[in-house]
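Pasting a structure below so you can have a look.
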């Protein structure tokens, strides 16, 4: 299929763009979106792979991997958003401080 | 195939790249989130183009829809949450130019290498194992993706249900915090039009979800798509105030949350009775057992997604239903 | 392929799903007695199961199992060999200790019911057991996500800004790590059409794509395991988590990442990587040993010392890649076991210190109260094993590693192991010096009471530390088990 | 080229023209209300034309009914979301 090569190359570049969002930005929402773009890029590549499988129908294994992966990435995103929101309420910050100071908080044992 | 299609594919790829770049490079959170939802929809078009319409549906519903709703909710919460003192001075110094160039170099290099490798690998054709083809085509369940998800790689699906449950329980830890504003309905009560839309959409969504669930055994569809639709219905109910948040999780909700995982894990153990292996289906009743597990998973997915969006420990139907105009 | 006896399969099912189902029951039926007792009964039962499985494996050798009876390339396989068995034992022992410890130590009833903590940890336990026997790349990815999300939630259990910041940092590292891993899996599937490790082992597919995929997966796993250059999240996360959770995270979760690196490099990717890559991985390990130890010496809080020590101790495990001999293999398994026991004991003991005096600053250890003395004893025993002093499991592991390095002529790794031991001894004795110090005359204030420690909190770390020491006497006895299912590249 | 193909092309091109007009309006108009005005009307018509074109192209009655259903659902959703956006715009301008 003609769609295979351009979309596979797109997947590779998309992963890099997502990685830029994840390590090049400081805002946590942007970093999370970058991670989601990375995941989408991998899924796009897997969908591309599924087109070349069994002649008559698509290769079902990558498709099943994509379905599983989508649900997992939604779960992680939901959890991450909760953490980000809680962090903002507690510290008023939308990013992680790059401080070298050691954490001096207490853990929950006491 | 129409000769124009390579041009279309290249344009689609370029569009995806441009959207992704806009998402990560945009300044505001809200802009980035909206662009990300558009990105998800264009991605769904690309998947449909690649001959995977059911994946495209799942991407549009679960990834663009539910993730988008969660992200928008988080953006909105940024305004609603109480007191966020601006830290004195910038939290992190703007990255030095050396660091910025390092990031550009890493991403550029990795992107080039990946694009070349992926394009090259996608052209190759490894043999699909003949055993796999036989197992999929001779299975009691007709839809190949459902065969993989429920039987051949059912263990992954079981663990995926565990991830879903853990995401909620992880959030549940944070929910005790009193200052977190829940998801408030719109400021001055519920708009009547949205409410009537929900009333109208309820039967349509229910029927569609049941159809997707039922058809999953032979055609694209299944527990995840159906559960996501029901979850979307829950989100709409929550937005229009038909569902109220609770600060605890009632037993029935707890049961609903763990139902999918519990039924699947229980089945895995029970199957040791009729076979030597866990997770193997009884020869006589494969389709029936698969349908039962899918039903349990659909309920759990719907409940969990609604709770994840609601951002509360529990929910209940509102005592006094909102009246129409 | 011959089917294993049904009881073996049932035993493995219990290991994989037992904790998970127990967690679901505890979540559904949160009666205090039930939720405290069920996990303890379960962990005792699982130890019996492990005993049985180990005996069976001595007779049959490593076993390959398939869920649903679908062997590769159809379905998901499990593979159990000596390394996996050792990690299962470690998980079982630490799990029992933690289950007993949390009946007294984690008290979160106000906002977040203890059943929530239990189910998080019990599902994490299932995920760890499953990771150690996993033999399918995509299955490993799902398990990595499951263990990461539960581990992060366990860090977030200690509320407060520091905990949430640490959990968020952990989350982003874990997210990037699992995405890199998944990307590597996708490349492997694109090239070979296979996901099962056993299929990949028997396939000839050397080439740049395989090294690229291996690099991506290793990077991802390194982020999960906090190997040296990408370790930034670990010390804060492990120091801020409730101590029972820290014990699990340090002794098991971080180690699972290194475990998978070793699995991949010596299993399906054996022979794909040039020699210098193995050496450079070990160099990173050595850098981690140096960095983690020096940081541990500089910390002023007990839990941070122990957390940085984890960054250091994980580095030893990578030495097996260039050494690749029987002795090195045994040494690494032994090191993993004894480090896990000692580290769990140390974190639980640190939790006891916090329980008794209210904080874990090193100065607080010199309170001169006899109630702290027993706890200091636990730390001393665990520290002896950590530093590799005889007689202890840590000593045997390091001894074997040094001998392996000398045998293969790579004497510089022997120096790394020895030097790392000295640095470890430095931070262990620094902690003990505080614990043994005469209290400063101004510090023995009677208005700072030391709480009495329940026996349920004292004995679990004590027994773990004693176990780490006892491993030192069991070396010859365990060798036949350790020899089961060595990977092919390790000469017999 | 058959008559149905010509009809399909004509209808789809007309639909695209409406979409184009709606998008230009979205980009060029000054405030929320006029943008909504441009967008909803033009897009609903455009979608209608495209659905009609596809129905002619498909040539079956059930297909045409399904497309009509799609159009109706999209219009309902568009109506309500336009209303909500307009109300939100009013609410924020009042603040």
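Letters A, B, C and D mark the chains in the order given here, with residues in each chain numbered from 1 onward.
Keep in mind that, in the parts below, contacts are C-beta pairs under 8 Å (C-beta built on N, C-alpha and C of every residue); 3 or more make two chains touch, one makes a residue touch a chain.
What you see is a predicted model; the values in this text were computed from it and never measured.
When the C-beta pairs in contact are tallied for B-C and for A-B, the bigger tally goes to A-B. Centroids of chain B and chain C (each the mean of its C-alpha atoms) stand 31 Å apart. Averaging Cα coordinates per chain places chain C and chain D 58 Å apart.
If you average the Cα atoms of chain A and of chain B, the two centres end up 13 Å apart. Per-chain CA centroids place chain B at a distance of 27 Å from chain D.
For chain C, residues that reach two or more other chains under the stated contact definition are 138, 142, 145, 149, 152-153, 156-157, 159, 164, 183, 190. Residue numbers of chain B whose C-beta contacts span two or more other chains: 113-114, 117-118, 121-122, 128, 132, 153, 156, 160, 163, 166-167, 170, 174, 177.
Multi-chain contact residues of chain A, defined as those touching 2 or more other chains: 15, 19, 23, 45, 49, 61, 68, 72, 75-76, 79, 83-84, 86, 91, 97.
Per the contact rule defined earlier, chains pair up in contact as A-B, A-C, B-C, B-D.
Touching chain B in their complex are the following residues of chain D: 73, 76-77, 79-80, 83-84, 87, 91.
Across the complex, chain A is touched by residues 1, 5-6, 9-10, 12-14, 16-17, 20-21, 23-24, 26, 29, 32-33, 36, 39-40, 43, 46-47, 49-52, 54-55, 58-59, 62-63, 66-67, 70-71, 73-75, 77-78, 81-87, 91-92, 95, 100, 103-104, 106-108, 110-119, 121-123, 125, 128, 132-133, 136, 144-145, 147-149, 153, 156-157, 160, 163-164, 166-167, 170-171, 174, 177, 179-180, 224, 301, 308-309, 311 of chain B. Of all the residues in chain A, the ones that touch chain B in their complex are 1-21, 23-27, 29-30, 33-34, 36-37, 40, 43-45, 47-54, 57-61, 63-64, 66-68, 70-79, 81-86, 88-89, 91-93, 95, 97-98. Per the touch definition, chain B reaches chain D in the complex via residues 187-188, 191, 193-194, 197, 200, 204. Looking at the complex, you find that chain C touches chain B at residues 3, 6, 9-10, 13, 16-17, 20-21, 24, 27-28, 65-70, 73-76, 110-112, 116, 119-120, 123, 126-127, 130, 138-139, 142-143, 145-146, 149-150, 152-153, 156-157, 159, 164, 183, 187, 190-194, 208-209, 212.
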